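Shared chain: chain A. Partners: chain B in the first complex, chain C in the second.
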Partner chain A sequence: MSGVGTGTGELEALLGRRWRKPAFIKRPALRWALALGFVVYLIAAVLTIPVDWARVYDGLDRGMAFIGAFAHPDFVSRGSDIGEGLLESIVITVAASVVGIAISIPIGLGAARNIAPLPVYLLCRAIIAISRALQEIIVAILLVAIFGFGPLAGFLTLSFATIGFLSKLLAEDIEAMDRVQAEAVRATGARWSQWINYGVQPQVIPRLVGLSMYRVDINFRESAILGLVGAGGIGATLNTAFDRYEYDTAAAILILIIGIVMGLEYLSGLIRTRVQ
Partner chain B sequence: MLQLKKLVKTYRTGDQALKMIDLEVPDGQVLALIGPSGAGKSTMIRCINRLVEPSSGEVWLDETELTRLGAGALRRARRKMGMIFQEYALVERLTVMENVLSGRLGYVGFWRSLARRYPQKDVDEAFRLLDRVGLLHMADKRADELSGGQRQRIGICRALIQDPKLLLVDEPTASLDPKTSRQIMRLICELCAERGLAAIINIHDVALAQMFVSRVVGLRFGEIVFDGGPTELSPDKLTEIYGEEDWEATIETVEDETEEAAPVAAVAP
Partner chain C sequence: MPVLTENDTRIWRRRTTGKSLVLWFGWLLGLAAFVVCWQRISGATTWFFVQDAPRIAGDIWTRATPPRWEYLSQLGKPIWDTLNIATLGTLIALVLAVPVAFLAARNTTPSKLIVRPIALLIIVSTRSINSLIWALLLIAIIGPGVFAGVIAIAIRSVGFCAKLIYEAIEEIEHAQVEAITATGASRWQVMAYGIVPQILPAFAGVAVFRWDINIRESTVLGLVGAGGIGLQLSASLNTLAWPQVSLILLVILFAVVISEWVSAKVRGAII
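== the complex of A and B ==
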C-alpha cells in the first residue's frame, strides 16, 4: 500500500535540507535588534553607577574588621540582650506563622478559580494582591508608627506578609489539582465542606505543609530584618551592635541567625519527605 | 427507570455536544453507549448527574426531575447515581477504605466524615464490598499503591456503597489491559445483575460491549444513530456510527472472542 503524501514533491524538496528549531522571535532583524539593545543598555547602565574608589579603599578596613569578627564572635558580653532578642524573634515567628497560615487557608480556597465563585475569587485575589504589593519593611514602618516600637508591629507585619505568600501559592496548587478526583467525590452527593475535605485537601496538603514550613523559615529571617526599623526581635539587638561598632557581638548574632535558619531548613526537609 | 427527554447540551464555545437526546433505560438494564471520541458520550452521562449542566431538556430518575433540583435536592439525588471513571478517579492520597467510604458522604454529616467515624453498618458494608471484589487485604493501603485493575475495583466499591439505583460508567476499561478490561466489565455486569441496577456504560471497545451488555446505543455528533441488541450491530451500522472503515475484522473478532472467553476466565487467578 502506498503512503499518503507521495507524488506531491513536498517531501523531495525537504530531503537533504538542514533542520533547525524555529526561532522564538521570527523576524531576524527584530531578534538581533533586541539582543543588541539589551547588551548596549546593560553596559550603559553599569557605567552610570558611581563608584568612589577612595571610599571603597577606606571601607575595606572596616569590612575586614567585620569579617574578621566572625573568627572570634562574642556571645557573652551582650549575652542577655541576645537571649532576649532571640526569644522575642522566635515568639514573633511562631505567632505570626500560626495566625498567618490560619488566615491564609480560607483565603487560598477563595482565591482558587476552580472552586470559588467569581465575587469571592476577586475579593480574595484583591487581598493577596495588596499583601504582596506592600513590602514587609514598608508595612513594618507603618505599623511601628501606629503601635509603637516593639514585637507587636513585627508580629502583625509578618502575619500580613504570610497571607499574601501562602494564600497565593495554595490557590495556585488548588487550581493545578487533578479535577477528576474532586469530581468523583462531588458525584457521590457530598456537600461542599465534605468535598473540600475529601476531594481537595488530600491533593494539596503536602505542598501546604511544605510551604508553611518554608514560610516559618522566611518569617524568622524577616523578623531579624524588621528589628532594624524598630519592630522588635533579634534585629533590634543586631542594629544596636552595629551602631556601637561591636562587630564581635554582631557576628555572634549573625552566626545564631544563620544556624537557626539552617536548622529550620533541615527540619522542613524532614517534614516534607514524611508528608509526601 | 431513567428517562432523558429532549436533552440538549451546548457548550459556551458553541459546540452542540448533545442534540435532543431521548432515551429510556428501564430498571436493571445494562446499556452500552458507543460512538467516536467527541460524540458526546461523556457529556451525556455527566448531564444525568449534573457534573455538567444540561442546556435544556429533562432527566427523570423514577419520579424526580433532576435538571431543576436545587443544591440540597441535587445532592440527595446524586446519592442514587453511582459513577465509575476512566482513570479510576480515586483520591490518591487517601486510603482504600477512605475512598470506599467516601461513597457514603451524601448520607453522613460533615463532622462524622471529617473524623472518619462512619456508622458501623457503612463500615461493614465497605468491608463486604472489598471482599466481593477480592481486595479486603488492601483496606488500609493508600490508593496510589494499587494497580490499575485494583483501583478500578475500588472505584466500583465506592459507587456501589452509595446504594445507587443507577450506575454511570465512563470508559471503565480505557486505561486497562485487555484481560483486566474483560474482568472489570464482567464484574460490573455481574454486580448490576446481583443488585438489579441499571447502568449506562460508555465504552470505546465495541467488541467488549457486545460481549457483556443487552442493549447498545450508538451516538454520533450528539445524536442517537443506533439503538438495539448487540447482535444487530452490522458493518453498515458501525459505519453509520463511526464512519467508513473495514469493519469485518472487528465483528469477526467478536465471534472469536466469545468462544475464547471461557478459557481466558479459567486461567485468571
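== the complex of A and C ==
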C-alpha cells in the first residue's frame, strides 16, 4: 500500500476512531453559525407572535364543529348559490386557460434565447417577470378596481398569471431542446414558420400539454379565491358561508373543490400518458 | 408516415385524413366551449365600466404616484410578521409532512391498502385549498391574527411538501437500503442510515422552495385578517389611500424578489 501515500495517511488517522455520519453541511463553522442563528431567530419569532390561548381554546369547539360538518355536508340549502358559483369558477378557469395558453405560446417562443433575437427576448422576459412577481390576488384587486366587480376581472387575472407561468417553462423547455432536429428541418430550406412547426414544436408539445393541464388545475384552485375580492367565482359564496358560521355549507363547497381538483389531476395524468 | 398520391406525385403529409379530422373536431369542440364560457363572462360584465377602464386606470395611477415613502417606517413590524408567518408555517409544515410522506411512499408505507390512501387524501385535500381559504376558516375558529396565518400556511404547505418528499423517497436507490439492512440494522436504523441521507438534499430543496412560495402567500394573508403586511394593504385599500397602496406593493415586490434570490442561491448550493 506504499503507492498511495496520502490515502494511507488518511486511513491511519481514521483507524481506531468511531465512524460518524458525515454532516450535511461540511464546514463546521458555517454549520454552527447557521444552527445558532436559526435558534435565535426562532426564539425571537415565537416571542413576537401574540397568541390568545383562551380564544384558541374557545375556538376548539367550533373547530370540532367544522370537522364534524365534513361528515354531513349540506349541498342543498344553498344549492343554487353553490351551483352558480362553481359554474362561474369553471367558466373563468376555461376561458382564462384558453386565452392564457394562446398568449403564452408566442411569448414563450420570444423568451427562448436560442430562437429569438435579443430585443424580443428582453421584452418577453420582462413580461414574464412582471406576471410572475405579482400575486394573483393583488392583480385581482387592481383589476376589480379598474373593470368593476364580476368575472371579467377574474378572467383577466388568471389569463395574466397563466402567461407568466407557462411562457417561462415553455421558454426553458425550448432552450433545452435538441438542436440537431431543428437544424435538420432548417437545412431542407424551411421557412421560419415551418421550422417552428416541424423542428421545434414536436419536441416541446408533450411537456407543453402537461404543463397546460397543470395550469388548468392551478387556475381552478385560484378561481376559488378570486371571489374574496369580488372577481367572481365560488369564493364569494364560501366567504359568506364562513362569515355566517354555516360550516356544513362551507364543508360542502370545500368537498366539491377537492373533488374537482382530484378529477382534474386524474384527467391530466391520463392526457399526459397519452401524449408522451 | 402518410403519403398521398396526387396527379402521380407522392406528397408527404404529417397526419392521415382520419387523424386530421379528429384533430379538427377536437379544436372545434374546444373553440365552442371557449365561446360558451366567454358569453357567460360577457353577460355578467357591465361593459359600460369596461369602456371607462382606461380613464379609471389613469386616475388610479395619478393618485398612487408618488408612493408615500414616510409610511415605510410603519411597515417594519408587518414585514417581520410576514416573515414569521412564512418561516414558522414552513417549519410546522415540514414537521407534519415528513411522516405523511413516509406513509405515502410505496416503498416505506406500512400498508398499501389502508394507510397509503389516507396519506394521499391528506396530501390532495391540503393542496387543493388555497391558503387564503384556510386562513378564512382558521380565523373563524381561532380568531384573527398572526397565529391563524402561521397555521393556515402550515396546513396549505403540508400537502405540497409531502408530495415532493414522497416522490423523492420513491426514487431512492434500493441497493443502499439493502446494504444497511444486510448489516442487521433495525427498521429505524435503516431509515436513518439508508433512506434519510438519500432524501436529505431533496428535502432541503423542497423546504427552501416552499419557503419562497410561502413568503409570497403570506404577504396577502392579511387581506382576510390573518396578519402580516396584507393587513396594511387591506386597510389602505379600504381608505382609498393609493400612495400607501403603491408603497406596500413595492415592498411586497421587493420581498418576493429577495426571497426568490435567497431560495435560488440556497438550492444552487445544495444541488
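Definition applied: the second predicted complex is superposed on the first by the 232 of 276 C-alpha atoms of A that agree within 3 Å, B and C clash if a C-alpha of one lies under 4 Å from a C-alpha of the other, contacts with A are read in each partner's own complex, and residues count from 1 in each chain.
One rule holds in what follows: a residue touches a chain if its C-beta (ideal position, glycine included) is under 8 Å from a C-beta of that chain, and two chains touch if they have at least 3 such contacts.
All values derive from a computational prediction rather than experimental measurement.
Legend: residue contacts after superposition of the two complexes on their common chain; A:72 is shown touching neither chain B nor chain C. When chain A is checked against chain B and against chain C, the one touching more of its residues turns out to be C. In the superposed model, A:199 lies in contact with chain B only, and not with chain C. Contacts of A:180 after superposition: chain B is touched, whereas chain C is not reached. With both structures placed on the common chain, the touch criterion links A:31 to neither chain B nor chain C.
Of the two partner chains, neither chain B nor chain C is touched by A:113. Residues 198 of chain A lie in contact with chain B in one complex and with chain C in the other. Chain A meets chain C in the complex at residues 21, 24, 41-42, 45-46, 48-52, 55-56, 59-60, 62-63, 66, 87-88, 91-92, 94-95, 98, 133-135, 137-138, 141-142, 145-148, 150-152, 155, 198, 221-222, 224-225, 228-229, 232, 235, 238-239, 242-243, 245, 250, 254, 257-258, 261-262, 265.
Interface residues of chain A, counted against chain B in their complex, comprise 178, 180-181, 183-191, 193-195, 197-199, 202-203, 205-206. Contacts from chain C toward chain A in the complex involve residues 14, 30, 33-34, 37-38, 40-42, 44-46, 49-50, 53, 56-57, 60, 80-81, 83-84, 87-88, 91, 124-125, 127-130, 132-133, 136-137, 140-143, 145-147, 150, 193, 197, 200, 204, 216-217, 219-220, 223-224, 233, 237, 249, 252-253, 256-257. Residues of chain B that touch chain A in their complex: 49, 51, 75-79, 81, 83, 85, 87, 89-94, 98, 102-107, 110, 113-114, 155, 158, 162, 168.
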